[in-house]
Structure formats: C-alpha cells, structure tokens
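Take a look at the structures below.
Two complexes come next, and they have one chain in common, chain A, joined by chain B in the first and chain C in the second.
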Partner chain A sequence: MTGFWLIVHRDVVMAWRQGGDGLMAIMFFLITVTLFPLGVGPESGILARIGAAVVWVAALLATLLSLERMFQTDFEDGSFDLIAIAPLPLEAVVLAKCMANWLLTGAPLLLTAPILAMMLHMDREGLAIFVVAMALGTPSLVFIGAIGAALTVGARRGGVLLTLLVLPLYIPVLIFGVGAVEAAVTGQSAQPHLLVLGGLLLGTLPLGLWASTTALKQALE
Partner chain B sequence: MHRFANPNRFLRIAALILPWSAAITVTLLVVGLYLALKVSPADYQQGESVRIMYVHVPAAWMALFVYSCLAGASAIALIWKHPLANLAAKASAPIGACFTFIALTTGAIWGKPIWDAWWVWDARLTSVLILFFFYMGHMALTSAFEDASRGERAAAILALVGFINIPVIKWSVDWWNTLHQPASIVRLDGPAIHASMLAPLLIMAASFATYYVSVLILRLRSEILARKMDALRLTRVRDSQEAHSL
Partner chain C sequence: MDDTHPPSDTSQEVGVAIGAKKPQKKVGVLFAGRGLVCVRGGRTVFVGLDFALEPGDALVLMGPNGSGKSSLLRIMAGLLKPAEGDLLWHGYAVEDDARSHYARQHYVGHLDGLKVAMTVSENLSFWTGLRMGEVPSASSVRNALSAFGLDCLADFPARILSAGQKRRLSLARVLASPADLWLLDEPTVALDRDSVAALKQAIAHHQQHGGMVVIATHSEMALDRARPLHLDRFVPASELAELQEDAATVLRKNGHKAGKKGRRL
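What follows is the complex of A and B.
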C-alpha cells in the first residue's frame, strides 16, 4: 500500500474505532432535517417546495462537524510532523485526508439524503437529480472545508471560526445544488446546474489543495 | 517595493504623505457634500433620496477597492514575505469592513422608500453581504492565534481565496438580472448620469479614497510602534534576567 492509501486507510479506521465521525454527522443531519417539518408544519406542498433547500443546508452544516478534527488531532498528538517529513508530497496528504473525510461524512450523507428528501415529499424526477447533485457537490464541500480546517489549526475557538470562514464559501454549491433540483421539479433541464456543480468541483479541487497545503506548511513552521 | 520594507523609511515617507492626504480628504469631503446635498438636482423619480447615492456608491466602490488592496498585500506578503505587506493587510481589513457596512446600511435606507423593502435577496446585495463576512472572517482569523504572525499568514491565504467574490460582485448585476441596477458610471459608451450628479459623486469617491490612505497610514504607524514596544519590552526582560543571573 502506498503512503496515500495508508493515510486514507488510517483515517477511516481511526474514525471508525473512535465511534465514527460519520455516524455523528448523520445523526446531526437527521435531527436538523426533522426540525423543519415540526417548525414549518406538515403540509406536503410547503415541504416539497422547501425540501431540497432544507436537506442541502442540513448537509452543509453536517459536513462542518467533522472538519475541525481533520488536521487538528494529528497536530496535537504530533503525528502530522511525521506525515510531513514522509516522502509523500503534502498536497497528496491533503487529498488523502479529503478522501477519507468524504468517505466518513460525504458518502453517508449521500446515502441518507434521498430518504430524507422522500420524507419531505420530493418527487421522483427531483430525487434522481438531487442524488446526482449531492454526489457532485459533497466533494467540493470537503475541499473547501479543508481550507478552513487547515487555516484554523491551533487557533483559539477554532470550531466557531471555522464556521465563519467556510460557510460563505459553501454558498455557490448550495445555490446550484438546490437550483438543479428546482429545475428538475419544474420540468426544466437540470443540466446547466449540474455542469456548474461539476465545474465547481474541478475548481475547488486545486484551490482547496493549494490553500490547505500552504496553510499547513505555515502551521508547521 | 523592498525599499519600503524598512519600517523607519516607511515611517518617514508616511509622515510626509499623511498631512496632505488628511487635508485633501477634509477639503474634498466638504466640497463633495456641499455639491451633493445642496447644488446637485433632485432626481425626477427618486426625489431627494437620490442623495444617499453620493455616500452609498463611493462606499461600495471602496469596499471592493480595499478588499483588492488587502488581497494584493496578502499576495505580496505570501510570495516575498514582505514585512509591511502583512501589516497593511491587517490594517486594511477593519477599514474595508466599515466601508462595506456603510454601503449596506445606506443601501437599506435608500431601498426602503424606493423598493419598499429594507433588504431584498438580490445578487448584488447578497454578494456584498458575503464580502462583509469575508472581512469579518479575516479579522477573526488574524487575531485567533497566540502567535500574531501565524494569524497574519493564515489570514493572507483566506484573503486570496475570498478574492473570488470580487468579480462575482462586480458582474453580479449583469449575470443575474435582478433588482439592483447595472453599472452606470464605468461603461464603454460613457457614464449614464448627468454631469451635475457625476461631479459630486466622483469628488466624494476621491475623498473616500484619500480617507483610506490617511487611516491606513495611521493604523500602520501604530502597528509598527506596537511591534517596536514589544521588542523593547522583550529586550528589557532579557536584560533584567541576565543581570539577575550574574
């Protein structure tokens, strides 16, 4: 196994043995979405109208939960110093960490989101597009989140600060993620929205890797 | 550029510029406000509330300009490790946040009589609100670390990432055809407003720009002095420790 896959494997196994970040994110996701029908009222028309937005916003918040620990724990126990002096470039380390983070939170979100969307009365055309949009959008969220996680390594009140830094950058994913579903539900083509989501993924991949790596190098200095 | 990396040389040049920029700010502000509030005509549709524009538009321009300066200074700080660029970015952020806040509030005050709403979720308004969040995030990140220089370097990366928002704000009125009007000053076919309104607007904008220069110099000067005091205090502590150990 190369260093890259070792890091992915290590992060997934460690999170799994510590009780699972992924499970916590899913529980948070479920509870947040459940609050909306209780607050807004159970009429299926209103829920169908706001369903896509509610599930997307809850998914954004759920991905935030695991970000704080993405690099912080490794910095605290000193293992990041060892990872940094290993021959694997730091960009690849960040990519491996992002991949592990997506497997632990993004993938479980992707599996539960359609169930929640159905509970909010999203129709069939919307549901298919919703899953595609989530699949394209959640990796972008991880790459953007990695920037915030790397910048706040060692910061005071890192968790709150992370929210302040990352949520404004999440907005484009939210807009086009919800836009795709709305287009599908109203009988228009969802393709332009999905293409923009794909473009965002292609843009956030290099941006996230560059910015996180630079920030981590500074934290190591 | 590295000529100005020497804090003492910078302080000398800044002391030369500051009285001039402060005097120009006050003069232009007085002339601009007189022209804007007294001389320029009321709009045939908006009436007297058009005068809010003379504060709103320059403040919005400065919000973008200061962020661009902040991002430029951050890039210089990251690439060449220029010592003053970090301080310039740190000193610019609160000024830019104030300009953004002024643009948002004056816009709301203007919007209430004209659009009949304090706030609409229009692309321009929303993207400027996000700019305000970026300023806030930059300031919070700068002060979030025990080691001040670590905060400055982290904030520099955030400033560069957040620069994506600037073109979005600039072209938001063209990309999304929503409530906020498109550009009417900087256009290929010349400005679309009358000279009697354009003159006070440009004078106000110039005074806001020189205000930024003046306040930036003041803030930079106090930052440099604070650094010097820290260094002095550290040497004094070290000296007294050495005296004890002897």
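What follows is the complex of A and C.
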C-alpha cells in the first residue's frame, strides 16, 4: 500500500512544483465556460437552458487536456520499466495514477464548476444536483481517459488520437450528467440519472484499470 | 538477502561453460537461461543463447551495437518475453513466479527514470520505497548517495545534474536496497574515472556477498570471476552480415575482434 501512496504523492508533488499541468486544465475550463455568455449574450433564459451542458462539455475537454501526460512522461524517462518490476501490481499503479490525476484536475473542476454554473444562471435546485453529478462523473472521466492514455502511450501525436478515442466514450457521462440537472430544474427526480452515473463509475473503475493495465503491458514489450 | 544463498554444496560444482547445452539442474547454478531466442520488430536478434551464473559471478555481455545486449538484459529482468527459451532460477522457470523474480533484482537501463522536479534524495527514496514497500530511512538514502559522491547534491533538484551525475544516481539506487541480481546496461557511460572505480568496488562487494551481476559494456572493466558472453556468436548468420554491413568500418572491426575472442573461449 505504501507504494500506492508514494506514486500518488510523487505525481501530485511534481505537478505542484511544475505548476503547469493541473492549473492549465482549470484555466482552460474557466475560459471556455466564460466564452459562452460572451458569445450567446447575457440573456439569463438562454444561459440557464444551456448552462449545465456547457459546463459539462468544458469539463470533459479540460479532463482530456491532462490525460496525455498521464503515462507518457513515465514511459519516456524509463520510469515505467522500474514501475513494472516493482512489487506493486500494475492495476494499483494505474489506480494511483488515476487518483493523482483526479486530485489535480477532477477536484479543482468540482470546486470551480458551481461558481461557473451560478454565472450561467443555474438555479439553486439544479446547483446541488449538479455538484453531486460532477462528483460522480469526473472519476469516470479519468478511468475512461486512462484507457485512451495507456493505448496511445508511445504513439506519435498521441494527443489527437487520444481525443478521438476517448471523447465518444464520454457521451454517456455527458448525457446523464446534464440529464440530472435538467430533471432537478424541471422539478422531476434526478435520482435515476445519478444512479446511472454511479453505475457508470462502478463499471468504468474495474474496466478502466483492467484495460489500461493490459495496454501498458503491451506498450512495455 | 542471505537466505537466498544456495546451500553449501557449491564446492562440488564446476562452472557450466557458457554456451554449452547442459541441464540447469546442477547445484550451484542459481540463475540460468536456456535456448533463449529474441525477436525484435520482426528481426531475429539472437538464437539459442545459454548462460549460467553461480553466486558471486559476473556475466559481461559483449558484442557490437544491435547484437541484443540490452534486449538480453530486459529479458533477464522480465521486462521482455523471449520468443523461445526459458529463464531459470534455482532450476525453476522464472515466469512461473515473476513477482519474486522482480524482487531479487535491480535493473539499471539506458533511461534513468529520474524526475527533474524532484530532489536527488526524493528520487532515490521514491524508487527504493516503491521497491521495498516502505519509505527508506534517511540514513540509508544518504549512504547510497555518498557511495557515489552525491550526498552534497541530495537536496538539489535532479534538473541540475549532469549526465554522469544522473547515471550515478541510477547506480545509487542499486545500493539503497539489497538484491541478489544486478542487471546493469552500460553503467559506465558518462561516468568519470572515480565513479567507475566506485562502481567496481560496489560490484566487488556485491559479489563477495554472493551477489550476481550481469553487465553490458563496451569499456573493459576488470571484474573478479567475470564470464564474458559474446552475443554476436548467437546472431543468426544472415542477420550478422546485415549488422556488419550497416555498421561503420570501425564498428565492423570491433565486431570482428569480438568474434575472434568468442571462438577462443
């Protein structure tokens, strides 16, 4: 278990010292969402209608930004050879990497998203559900993204390929994430949507770990 | 480390000649490879390679560029699967229990696995901690660093290290935790004379305590109980011709010399 926390700690400390990666995704998120009121106009009706979708789409894209370097740097500098022959199972390594990635991008997204949603005139009932939906949805985004990151490790121009691979897989999270907020705003129960998001998380966790591990083993050969 | 030493009946054992098709069951041979074949990207790098190591032995891999020294080390580390053949530890196939094989070796490859944003001691204690499953004590990290003269740089970021210092930090990793088998890929590249001496001393100490070392090198390193293994002897004839054609004149000469030495063995 120590090895697991060592990897989480190392990734977080490194990102903190280098400053770039985690911060970049959040800045991207803030700017993208801010562009919409500027483009659409300050009419509160329209913004409230599209608000949840805009923030969710921006969150998907911001998560994508941080994925490319998830395994790439470790492969380039030879770290992965040493990680592969460490006693920690590769699945645990991937889980540690996903956790560090979520702490660096998912958690800040979760903190800033309500503020942005308020800026887009999302009402109070929607806001609470929106935060719960984000909390359930963002880890799924990381686990799905890890598969893409592991598959494109070592590929040239992996970032573009990664986007093409991963974005279609994000569609269910987007649909139910937005659906939960819409339901809450229109006075219906958001529970079914949230349950599906929870189910997606439970599904993507083992699937993401297994698929990423298999892809990484392939890449090591 | 000591509990993995073979029983005391090693004295009866005569070293198994490298390349000879002997059964691995002989007492004393701890780590052996049998009929190893390596194929990389469709090219056959070597075929029918055998080796055998007893505790305290050093295997020196020699051969021209592309003859498969690094590939063989990666196979020995378990990072690469041989196309054919077996690796044996105490006569048992390594792949049956890959995890324990990982635990008894140190692998130092071409790439150093260092993170430039972390300090020198953080890098070392991360790798040692990951391998041992517990955070190493500050003193053991210091000791390993000072063996390669890096203790004065412990709290500086790895970014400022020169190529040789990075190499020394990779080698310090080997000293920071015990292992029976050291796999070193060109460890002397970029090292100054003092560091080469320190490395030689570390290897000698490791061997005296029953450790084994496999080292790929171009430079002559006088090691005790060293067994040379010329990889170009295992290169398929057609591939060897190609290899030598590709290489520059100097390289071709080296390959030829190594070949001669190999036959003399």
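Going forward, the second predicted complex is superposed on the first by the 219 of 221 C-alpha atoms of A that agree within 3 Å, B and C clash if a C-alpha of one lies under 4 Å from a C-alpha of the other, contacts with A are read in each partner's own complex, and residues count from 1 in each chain.
Criterion: a contact is a pair of C-beta atoms (placed from the backbone, for glycine too) under 8 Å apart; a residue touches a chain by one contact, two chains touch by 3 or more.
As the structure is a prediction and not an experimental result, all values here were calculated from the model.
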_Tell me the contact category for A:85 with respect to chain B and chain C: first, second, both or neither._
second
*asked:* Looking at A:77 after the superposition, I want to know if it touches chain B, chain C, both of them or none. Which is it: first, second, both, neither?
replied: second
*Which partner does A:2 reach: the first (chain B), the second (chain C), both, or neither?*
second
*Check the residue A:220 against both partner chains and state whether it touches chain B (first), chain C (second), both, or neither.*
second
_Taking the superposition on A as described, I'd like to know which of chain B and chain C A:111 touches: first, second, both or neither._
neither
*Thinking of the overlay built on chain A, is A:202 touched by chain B (first), by chain C (second), by both, or by neither?*
neither
*Touch check for A:154: first (chain B), second (chain C), both, or neither?*
first
*When the two structures are overlaid on chain A, which partner does A:17 contact: first (chain B), second (chain C), both, or neither?*
second
*Hey, what residues of chain A end up touching chain B and chain C alike?*
221
*Given the complex with chain B, which residues does chain A contribute to the contact?*
147, 151-152, 154-158, 161, 164-165, 167-169, 171, 207, 211, 214-215, 218-219, 221
_For the chain C and chain A complex, residues of the former touching the latter_ = 74, 77-81, 99, 102-103, 105, 107, 109-115, 117-118, 126-127, 129-131, 133-135
_Residue ranges of chain B touching chain A (in the complex, touch as defined)_ = 78, 130, 133-134, 136-137, 140-141, 144-146, 150-151, 153-154, 157-158, 160-162, 165
_Contacting residues of chain A [partner chain C, same complex]_ = 2-3, 6-7, 10, 13-14, 17-18, 76-79, 81-88, 220-221
